[in-house]
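Mind looking over this structure? Questions follow.
Chain naming follows the written order as A, B, C and D, and within any one chain the residues start at number 1.
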């Protein structure tokens, strides 16, 4: 009870393949979500991670998406927040006015779960463009509700492939404010609490490990690394575009067979986001 | 009946003027008013100011076809199917060369801006946006147009100190006031009551905010039958001005209970639109050279249309595969 | 189950603290949380700040019973049944003597104030109120309390020039932020999903705005069965904290699909409450001397309760006569 | 089609009784409503008048009430705006947020139809209290949405029993602003358009006749009087608490048999508001 109905196994991906770094990241992220929490997820990896958590250890977590999906019981993975798969057996059908303008803004969302193209050492996220905003080198689709979620959630969890060009000293554009973000009055970076903001990023989960933020300096540090995938702390430093603290980092507990099994056969059997 | 709202897509789209502010309903690749948008392109509308929250292939198409001078949106794209190459190209080229300006908003503030429009209010407060470059005044892409283009507010956001409680600084966002709202619905009554299924998204708010609302629908039903379950109706007839019966009117986007996304369309369009020439050829073949939506559907073909049909209980098609890299032939 | 929200009326009302801001759902003489309100009076709650939009017999009762220090409402009464004598008496006596303050609002601004609360915003703009004595600063009945009583905003309204469009002066109204929201529903799922029928009024917004929401219901139903028709559900379980099963829990007000107004109750109460002594006697007999709602229903009697039952299609009782001056015996 | 379903005749009030002044008032008011209009009505006489118009000559008028009722097809007269009778066969179930915060405020309501306890020569209405507001002689229930309707409708129609104590030089409290109403900045009476307001009262229908407002002075004048009830212009002047212009007033066309018949047998057969 409380569990999502198990989806039929439609792919042939349940064999005992080695854990990919994408799968490793999603498993680690799912573990940061707790039973009873109300979690707002974007499409893609956040959705996969939240769905996995709900199946494995957090059956009474409420999963909400920006467009309409609210605590539904999907058989199959929605591939966008408005997908019919996401409203199956839903108890309530809100719009973005209720989800983003009421639940989120009225501080009823415990965790916001976000991806992005770039993250910096203060947890600012960029999902808008590469290069200058007014004359971008590469323009993305747009950030949907990422800024809203980063500003208004009780806390945020970030999930992102670990590459030097993605983990940067300063993001090209602050889509989703982290701990030191833009003061619109001066253009300078200030502590988010100086702007009257609550929340803030609590963890960044990557393909190499789990980062957290120093309670005082608010700079990102490595908390856990995926030793089971052969990741070393040296490799993490090398693949990070700023000087990241690694002292005190521990090897992360490896994924359990159940987690991988559920991810591959129940959550994303088609490999829509996991790209098997 | 002289006061009938029923008309053809051509007649309905003919009501839309160049330069107007136009909202398209649905959400990214779901329930988009594609048939009406194809007709907009056929009629060669120009200088449109598009609002979508968020936009999908309909915006990429209109931008690529040169119908658009402004967009305000939180997203324009095709979800996991692939990237919006026309939109991306135009933004990367820059407004100096293209005359096209795009401004970024968020899901929440876009929703609140429509809510303000629906309420007849000039603005709405929000607690979002702070700390983000979305309100960095140095990065306002519409700055040179404000005060000149009457479709845009004089500033992107404003701030006010709460005079009632703790005195916090609150951000104000300007109302969105579409001239025209385009919606594709599952069902509409013959007098205009709209029933949306599987998610209304922001379509009700946009219809309330707009001056003219055009609804295309999978089917037109007796108005009285909709009164059997008023809780399921989304938009009252009083704010609907034109009704177009248009089966598969949201193709290639998905319509809960009727059909799923068409992955073959996306594969074809994404391959073609990677380059501007390919986009032009695609547009000619699939839009400009066709007379109307019937010809479009005939060209897609019955076999493919049938293969997209949704399960009526699930609302989607459980058999369809959604990875373009593993896509097989229509069967 | 340790995390069950199910409890008795006594347990639920026990969660409510003296001096809190309390919202009562429903609309005048329709779907009022009467059973919970009777229990509030039995538990002797004091110094409540009541919000209702609009209020009915529940407010007149609480004011008369001395539970209330503040009310903010657009209406407190019994519709055509008769006048709210307790409320009227206290207002006419004046706050200097009673310690009770009442402030007038409107249907629209009350709704927008709740909407602001539901949205977590400190205020909402409105175009209403201008030209009316409702915003005459010389006639603000809460003036002496503002800045002292933290349940009240520092001012009744504020004004701002629209910075985005035509520069019109817009009125701002402060959020309503109830500590407690009391709702009576037709059906509630065992986990808290609320289904209201025949009109939700402002109950959803109040539940979203409140810190604690208590729902009494005609019946508790399996949560999963409510997922068969999500469009018909009004309030999600996530904002409901306590559930009380209480058939006839809105008596003497009407509940769509369950029962109609009880004209005999109104005749009796209105006759009694015309004078303060009569009100006191009525309150003792019908509230204070009874242990709980079961005793109350037993005292009303099965015959009368059955005679109020609603037609399940019409939602009301087509046989009941509604003029107190022509009222006959229960039959 | 478009018509409300006729209600069953339940009372014995269909006999050819003479037309009462209450009935006369409601018939005259109903004639001011037009087919195709969107009309927002309060409970009581406005509701009776609008329902009568819908049955007799304006089947495609949309009748909306503050609480939830929206273009419904009632069998029986709702006796308050939230009554189950008012939502029977409704196509849509809004709340006051939509009706009053969206339809009304967004200028989609053509006519607001209001009653009150006092009206003054500029069409200001009082439905709040008699005497001083802070220390009233007689306190009423409260004004519901009357102020909203008077401020935000395209125009308003007022319906009120004609008595000297009700038609006054200046109302004790401006609940619903008319043509010259309170400037909140100065406390003085100013033209409503100086406050940026649209709309305004277009007619007052009483038990003696129909009043309108001078387009320039915005003062109330008698447009029609109920000669068929024996009302004279002298009597109207006598029963009006301010000096009212009567030159140019004409006798009103008398009620038709059909109007009275429908009022008595279909609209309010129980006499809930008509008090037969």
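Here is the rule we use: contacts are C-beta pairs under 8 Å (C-beta built on N, C-alpha and C of every residue); 3 or more make two chains touch, one makes a residue touch a chain.
Treat the numbers as computed from the prediction; the structure is a model and nothing was measured.
Interface comparison, C-D versus A-C: the pair with the greater number of contacting C-beta pairs is C-D. Spacing of chain B relative to chain D, judged by their CA centroids, is 42 angstrom.
Distance between chain centres (mean CA atoms), chain C to chain D: 27 Å. Counting partner chains per residue, chain C has residues 120-121, 126-127, 168, 231 touching two or more of them. Along chain A, residues 87, 93, 101, 105 each make contact with two or more other chains.
Chain contact topology: the protein chains form a pattern that is neither a line, a ring, a star nor a complete graph. A list of each chain pair in contact follows: A-B, A-C, B-C, B-D, C-D.
Chain contact summary for the complex, chain A toward chain B: residues 43-44, 66-68, 75-76, 79-85, 87-88, 93, 95-97, 100-101, 104-105, 128-129, 133-148, 150-152, 173-177, 181-184, 187, 192, 195-197, 270-273.
Contact residues on chain C toward chain A in their complex (touch as defined above): 118-121, 189, 193, 208-209, 223-224, 226-227, 230-231, 233, 235-239. Chain contact summary for the complex, chain C toward chain D: residues 26-31, 53-54, 73-77, 79-80, 83-84, 87-88, 91-92, 94, 104, 106-112, 115, 126-139, 141, 168-169, 198-202, 204-205, 254, 256-257, 260, 310, 314-316, 318, 321-323.
Those residues of chain B that touch chain C in the shared complex are 120-127, 153-155, 158, 160, 162-166, 168, 170, 172, 174-175, 229, 231-232.
By the touch rule above, chain A contacts chain C in their complex via residues 38, 62, 70-71, 73, 87, 89-94, 101-103, 105-108.
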